[in-house]
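In what follows, structures are represented as structure tokens.
Consider the two complexes below, in which chain A is the common component and chain B and chain C are the respective partners.
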Partner chain A sequence: MNALDGALRPLERLVQRHGSRLARVVMVAVFAFLWLPIGVLVLMSFAEGGVLSFPPEELTLRWYGAFLSNDTARRAIALTLKISTVATAVTVALSTLIAYAVDRFEFPGKGLLQLLATLPIVVPLVVTGVALVLFFGTINLGSGYWSVVVAHVVRTIPFATLVILPTFLTFDRRLEEASKDLGADELETFVQVTLPNVFPGILAGGLLAFTISFNEFVFTYFVKGSGQSTLPVYIWDQIRYNVTPEVNVISVVFLLVAVSMVLVAVSLTRVELLARR
Partner chain B sequence: MSLLTVSNLTKRFGDLTAVDGASFDIEDGEFVSILGPSGSGKSTILRMVAGFEAPTAGSMTLDGNSLVGVPPFERDLNMVFQNLALFPHLTVAENIGYGLKQSGVPKGERKDRTAAMLEMVHLEGYGDRNPDELSGGEQQRVALARALVNEPALVLFDEPLSSLDRKLRQHMQSELQRIQAETGITFLYVTHDQEVALSVSDRLIVLNDGRIEQVGPVEELYDEPATAFVADFIGDVNAISATVVERDGEHLTLDAGTATNLRARTDGRWQPGDRIDVCVRPHEVRLLDAVGDARSFATRGTVRTRSYQGSDIVYTVETEWGPLTVNARERGHAVGDEVAVTWDAADAHLFPAGESDAESESTDATAERSASESDRARPEGA
Partner chain C sequence: MAEAASTEERSTGRNRRVRALVTYLRDRRRLRTSLVAGPPYAVLVLFFALPVLTMLVISFRLGSITGPFTLDNYANFLASDTYRTVLWRTLLVTVEVTAIVTVVGYALAYSIVRFSRRTTLLLLLVILPFWTSYIIRMYAWINILQSGGVLDSTLVLLRVVDGPVGLLYSQEAVLIGFTYVWLPLAVLPFYASLSNMDPDLIEAAKDLGAGPIKAFFTVTLPTTANGVVTGIILVFIPTFGSFITPRLLGGTNSIMIGMVIENQFKSAFNYPFGAAIGMIISAVVVAVLLFGARGGGTLFAGGDGP
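Coming up: the complex of A and B.
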């Protein structure tokens, strides 16, 4: 014990003296690890000489042009949007109802509902993917557009619920009482007070669901029909045969969509408001 | 006819009876407070009057019309909530104008009346701000303006001032009185804070454990409390348990199980053998240098604590009757001094023993409160 103490003491002194500097170094290292590959990828999407020369000798927009004039890629984007919009709408509706029920009502199985809505996050994607294929086979839905939509709803509900539920839980119901006290009936109160206060959370949940759906690969790959490719599946097909700078371009497109969505979502959840309560 | 008549109002939540047969009237233009400890059911009464809880039994009428079954948005009254419940997504002006908007007041008139309200609560120029940009006191004013703008017959207050510091609270109290005088609207104010209730109200309704203990003007409740609970709750009190030994006309001799007997003068119908609680206000207890004056009674004690409270000194004196809290002007006594204490036999309030569970603890609680050098004002000094 004493020997251990003795060995640790210099370390402790080091932490005491240089702790915040050390922490800053570690933080920089972690963020470099996270973002450098992405930075390189963005840079390489402008590389004239293809993927093999780093650093690129010349910058160009050629690959963006190639990507946009590629019919298959454009079809993939259109399909992805078609799937994500519908899946997001369904997810938002269901998650909002779940959040409303959990917040407002006491009923048997309330805890279970909350658990079932959010726990699928921990189930391995491949497991659920296989299960979805078997399930769709059993009910004769087969593979295709609607299977993918349902799969995306399954994938996004837990995330949307996790975002939407807190806005309901933190919504002060006395605001509704105040509204009724001041002469607004139930419907007027819902439209003028409840909705404006929970809407940012619902919107944020929807944006998160959309981003996840837009990026979704595993479930899609399991249940999609042959010949259907969403954008992630398209990338996968590309890199299976050859790595072209076009893949980098698609990655940048993804990055832009995802980052902007998440930023909007975070700003709308009013994190600072939740912290104040 | 009274503006608000509440009779036999009862509310049960499962096995719990929150309000038990409460009856009271409020006249037009009055400022009435419902005073009681937390959990006494005062907020439940308010919520029933406002329409957020349905009574289990009993009736309420506002201006002669029954309130039972009427939804909150059809009642001619408005409420200032404990947490104020200002709409965070609306500006100050929109918050105040909300009630007018619901009743279909045209935009131009709405703007004028909102501006008039802002002026009344001294918040000119704050209309375009968001509520969370305002200080606690300013938010109180907005909530008040929002409740007044519809010119309701009655405004309810659910302890809105409890979150403010003492200085600001006192200021808001006088503001409330000013605004009530200006508007003539009837105020019903719920609080657990006797200081607030005593300073602002015309009449008090004291509530304990869901039941009304006493209703009356503030002075009446203070000078002639109907129960030991009221005596203890409205102002502080020293309570001593004793048994009547002898009765001679109005004069009672009481045995507190100690060497010295107490005396009391009362027109109550006490008989020898009755067990009673003797309650004495801290400012009615007198400190003497020596036990003398055979006509009265006194006992010796030791000063245990001494705390400075502005114009008064609050002493705790350890006596054979237990620790007594004494508010006195004499500053000459130090901790550890031997003193004698007495009071005028007519000043003691007598109540049947064990009527309230509170009074056996109250002596201790009072002693503790003055022992800790609290800066709270004692209402009897005010």
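Coming up: the complex of A and C.
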């Protein structure tokens, strides 16, 4: 042990002296690793010569134009929005009910409800995706629009609940008492006191649910019927069979949607809330 | 005017009915609870629990989802050298990815917590890539790693290599891709446990003569073990079941177990066999979760409210 300590001592001194410099190197390196690929995507979406012309000699908006006049891509976006908005609405309603039930009530099966609302995050997507296909096949629901919506709801409930539940748990119930003492009835108290306080959390949960649903691939890929290509499925087909520079453009669109959604969600709650998972 | 008045009347009429309902429910706790908890319960049981059970049942059928019951699917999987190799390789890749992500992610979380004041901004920079599409993040790496891609061009420009290297479609590409997608996921619990830790503990260890390295291994790491275990679980499980990354970035010798399932459902159409492999993956997941629960990882929402 002492020999080991002796051997460590110079190293200890080195770390002691250069700790903060080392930390800065780590941060710069990892953030470069996380963000350079995204920068490359954005840059190459403007590259005249397509994805294999790095560094691009000329920048152009040509691929953006091609994307905007691409009917298949436009249909894919429309379908994605049609699925995501409906799934998000359902998920927000259900997650709010879960949060309310877990926060306010004691009932048998409460632990199981929390477990069921968390497991879809934990189980590998391919497993749940396959399970849903088999289930829909068994009950003859087939693979249409609603199957995909249901799959998206299952996928997004855990994330929305993870954000909405803490806003209920941290809400100061004494405000409700005060409201009732001042003569408001239960409904007024809920609409005028409880709802405004938990609303930012619900909205944040909804934005994240929408972001996930908008990006959802695995469940959709397994559950969808033929001709039901959401944008991520469309990109998958493009990548696997014929890459065009348009894929970079679509990627940039995705990035913008996700980044703006998450930034709004974060401004509504705390960034640490998203870190609790 | 008259129209406005009648709208108002209607809305007060509706209010009165809502009020009556609220009063009615106030005295009936059980009914109220089932009205609130019932719908999400029903949806999760019907569209999550039941499908998994359906998969379990179908995994014992032969050939089609209505075939006769059999154990063949499991027996065939375990008896096949090919599938055993795939399973073993999947485990190996998963362990490698988990190790890399844990070390790099912990180093980043530690640097942010101890050496930076702009934690909110940095945390945002960590999570933003995570919320973008998985496929697109893989596609970004295709841009970079493919033969003649960004990495090759850069290396040639810097005169490190003469011709294209083309790292795409290799085991290394798969490792890079996985590390890229799961790093943010692991940083979050690491960050949470590190920022909850009392920094005085480190000072105490140093006052008692420990250097920074010794203080790290005897104080910081054991104190944040829960966060480490949570991060490991969060990376291990999705990597083990993944098919996208090896399909897009890997070569012929990086087939993983998730791809075998995808194959059963997209081209071979032997659903029961795919279901059996799904059950095998689930068994691994349950084992990892139980192991994690013993290690003190916390995964379940709300149980440990803020």
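The working rule: the second predicted complex is superposed on the first by the 269 of 277 C-alpha atoms of A that agree within 3 Å, B and C clash if a C-alpha of one lies under 4 Å from a C-alpha of the other, contacts with A are read in each partner's own complex, and residues count from 1 in each chain.
In this section, a residue touches a chain if its C-beta (ideal position, glycine included) is under 8 Å from a C-beta of that chain, and two chains touch if they have at least 3 such contacts.
Owing to the predicted nature of the structure, the values given are computational and were not obtained by experimental measurement.
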item	value
Partners on chain A (chain B, chain C) - clash or fit	fit
Winner by number of chain A residues touched, once chain B and chain C are compared	C
Partner chain(s) touched by A:D185 [first = chain B, second = chain C, both, neither]	both
Touching partner for A:T80 - first (chain B), second (chain C), both, neither	neither
First (chain B), second (chain C), both or neither touched by A:L113	second
Touched partner set for A:V130, first chain B, second chain C, both or neither	second
Touched partner set for A:I98, first chain B, second chain C, both or neither	second
Chain B versus chain C as contact partner of A:T138, first or second or both or neither	second
Which of chain B and chain C A:L175 touches, first, second, both or neither	first
Where chain B and chain C come nearest after superposition, their Cα distance in Å	12
Overlapping contact positions on chain A, where the chain C interface meets the chain B interface	185
Chain A - residues contacting chain B, complex	172, 174-175, 177-185, 188, 192-193, 196-197, 273
Parts of chain B lying in touch with chain A, wherever the complex brings them together	50-52, 71-73, 77-79, 81, 83, 85-89, 98-99, 102-103, 146, 150
Residues of chain C touching chain A in the complex	15, 18-19, 22-23, 26, 29, 32-33, 36-37, 39-41, 43-45, 47-52, 54-55, 58, 65, 104, 107-108, 110-112, 114-116, 120, 122-129, 131-144, 146, 148-150, 153-154, 157, 180, 183-185, 188-189, 191-192, 211-214, 233-234, 237-238, 240-244, 247-248, 258, 261-262, 265, 271, 274-275, 278, 281-282, 285, 289, 299-303, 305-306
Touching residues on chain A, where the partner in the complex is chain C	5, 8-9, 11-13, 15-16, 19-20, 22-24, 26-27, 30-31, 33-35, 37-38, 40-41, 44, 51-52, 54-55, 93-95, 97-98, 100-102, 104-105, 107, 109-110, 113-120, 122-128, 130-135, 137-138, 150-151, 153-154, 157-158, 161-162, 165-166, 169-170, 185-187, 208, 211-212, 215, 217-218, 222, 232, 235-236, 239-240, 243, 247-248, 250-251, 254-255, 258-259, 261-263, 266, 271-272, 274-277
